[in-house]
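The first chain written gets the first letter, and so on, giving A, B, C and D; residue counts start at 1 in each chain.
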């Protein structure tokens, strides 16, 4: 399994609905594969142990997914999103950038044309969980930044994660916060490097990272009360 | 290693290291809480040379930001050129002719050599050795002369264009580069390694000083030689190949000692590797145009794009958010030293002042790049 | 030189060589008094130490006039060079908030008491000075290195050994203080 | 009127002139030497090969205002540079440059020089303290601990020489080494036992290291460590205050070189039995000074705790063993 796929699965924890739907689809696909695999296993005996482990793992995942499914009803949109991420088709497909707000979810992007591999869109209160997953998966934080979508009256906060492995996998976690009351929890406790990045984003966009112990200007003068990267900023 | 600090709160004092201090190489300020010569708490204070390049990018069109890129990391300006070009080319879908890619690699690697040589010089200056500075400058001047020949400037280059480079290289440049590499090859072991690397004082000052563990390096997002000195085999040129780097045979030096000496050795080895890359690129240099036909005003499709390059200091990222207009909607610069420096506070705690400065020197800081 | 001392004391011309030596002698005495004055009256500790160092230098000069050049040199080397510096060191290690707490125990008896004690000391020393049968000419060679060495290792060896014990105690005390907090 | 008084006074005037010229031209030599080492030319603009550069520098320093910043201890601040200069100047008075080229013959001249050197340490301490600058303060603390640490092995090493010669008079010590380098204390094959000749080079090395450290020269220039403490105790000084510190430093180097020459290198004695004279003395001290400059421009700076460890853990034990062995050899052979 590629690191992109692994990471995507890890990130699915954030989106129980998607996870459930996908799990169903995958279970169906794998039920077929199982029959084939069993035949192959008979042919090659040494593969058997491996397969057992795989099966056990899959069962565990399925149990998780089913419990998630019971609690939350999957809606149609998510189903669609999940279908787009069909493991078979994911590599070829290029996700067109949507204008304006997007539904929560995970989109795989083409590295060659985008420079990123996984694009996660989540709620503001999920970024800490996302950071935790990334930290566990051995990722490091590349940058935090904002984008001022003044027309939509929203601020986008972007977290870039990358890892040191030989295989490339850059994860973007995005979320929207309101432009008037921009607040988002800090991920500093998970990723110490976020300290300065969050301060910088606060400088430029005025986004308050709640729980940050030292949210004072880092690049701007210490008494700065303006946020220069907001589109309506006039010097 | 260092003696454990006894924190007697009544006897600490605050020492402002900088913003004007010879060892901070610019205008970095570090607020140190000291107990005698031991550092109890170190707090870097940034922003003294902050110029808001990201805002400037939003104001002009794509090409107009090009000269700004060189003003951030003035020691490895061509890598900044390259990073920005990659981001815009990725957004606008521009193909770069092969010869241009080779020239880009050659010039970027030569620029990397100048950066490492200057770092070496300044690092030794931090440690109180003055002479190496001039030896390194001697070599560095030669590269600058060569680069000046084709780019027109010596420090803040604006040589790359979307879809290629500004100017083709000529035979004299190629011959001069070969000659320079030959010269540096002969000087490196004798002048650099025998005189400095093997020096007992240098070894004593760097071995075991400034331990940055692998896990710490990851959690602080360190990249470049700082990460490679902590045993992380990560180099954007290998891990996320761009341009024509996959066509060259070069190694990524990795040291597992995690101390300042490891970071020193990584950079010294990188000088070697850069020379290898330049040689191979010159050998393989294809013919052809050096610039693709690109419209004067670019209007890339809406969306956001990321491009990373490996500068002398680590992973430089450009995040370009486009909205279909002729100027970038947003440009985020991920500067490597910003992240590399963020570990300073944690690592410097409990160190001696002199050791902390040695550690700071081994991080290879370029302040305008941190402050942007 | 002996002659120089007594002649200048007898009030010879100031511009002769003897007068010059006499002038130096007066400067030496002046250094002792001025140094002591600064050391006791200054409110800044570093100035106190400087005063003390000046005083020691003057004392070294006095030893020189007393035909004990070795002791004079040692006075410079040990008292000016080492003891003053060590006191400076001790101050550096002491708490910096020295200014807030000094001399809170001053009562109205302190002044008169101090005066009485110093008057008594002064009287005793004056009496001693007046009644002593001063030998104008010190015994030749009694202050030089060889003589001191001989005396220390023969007739005064007990004192010599006791001094080393004092030094040992001092070193141990210094170690105890220095190691504290560094467990 | 005897010449006894005027001789030292004339010499002192001579030394003052020497101090100024020496500091200026040793500075020039250092810059030129550093230039050669670093493959550049050094000062070239003022005069032939920049020979008038020191003059220009001196004029500039003298014509600048002596600035006393706010918050300094103004008296001590002014005293410190003088204190850096005077002891070194005074100790020149007892150094025998040749047979009878000496301002004042003092029986205990070795001791006198060390006594005066210990005052020189006060200059750094007071200058650093009075500046009211934290870097200067650290510098003062460093220089004190460094000087204390290095005075011990230095004195102990001197004792071995004193024991060998039986005198604390520099002139006698030098006179005892006349007649070729095999008589010099650095390798006294002819005048002492072979065993002694083997341990004396060790003494020489210890003494050389200590004198470099005592004069605050690189790689032991902890007190002024410009990349850590900016310029340490000299940070707040300008004009002649700084000038005096620099002159004091160069003069201290000269005194150190003179001491080494007299104690170990036979003073004014010509090598290979050549007739001695003041020229040999000058050649030797300037060779030593060149070595010190050479070292400075070659090595990076050490670190204060490693420096102290070097003294307490290596130099002091070695010098003590040295002393014991010397005493034993003197008794045995």
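By definition in this document, a residue touches a chain if its C-beta (ideal position, glycine included) is under 8 Å from a C-beta of that chain, and two chains touch if they have at least 3 such contacts.
Values in this document were obtained by computation on a predicted structure and should not be read as measured data.
Of the two chain pairs examined here, B-D and A-B, the one linked by more C-beta pairs in contact is A-B. When chain centres are taken as C-alpha averages, the shortest distance to the whole-protein C-alpha average belongs to B. Per-chain CA centroids place subunit B at a distance of 43 Å from subunit D. If you average the CA atoms of subunit A and of subunit B, the two centres end up 29 Å from each other.
In this assembly, the C-alpha centroid of subunit A lies 68 Å from the C-alpha centroid of subunit D.
Centroid to centroid, with C-alpha atoms defining each point, subunit B and subunit C lie 61 Å apart.
In subunit B, the residues that reach two or more other chains under the touch definition are 3. Shown for subunit D are the residues in touch with two or more other chains, namely 141. Subunit D makes touch with subunit B in their complex at residues 34, 37-40, 134-135, 138, 141-142, 218-219, 221, 225-228, 230, 297-306. Of all residues in subunit B, those touching subunit D in their complex are 3, 13, 15, 21-23, 36-37, 124-131, 133-135, 138, 195-196, 199, 201-202, 204-205, 352-355, 357. Within the complex formed with subunit C, the residues of subunit D that make contact are 1-2, 4-5, 73, 75-76, 79, 106-108, 111-112, 114-119, 121-122, 125-126, 129-130, 141, 144-145, 147-148, 151, 168. Interface residues of subunit A facing subunit B in the complex, by the touch rule stated above, are 96-97, 99, 111, 113-116, 135, 138, 140-143, 145, 147-148, 158, 160, 162, 164-166, 168, 170, 172, 191-193, 195-197, 200, 204, 217-221, 228-229.
Across the complex, subunit A is touched by residues 46-47, 50, 52, 54-55, 58, 87, 90, 93, 218-223, 227, 232-234, 238-240, 301-308, 315, 317, 319, 321, 329-330, 332, 334, 338-339, 342-343, 346, 371-372 of subunit B.
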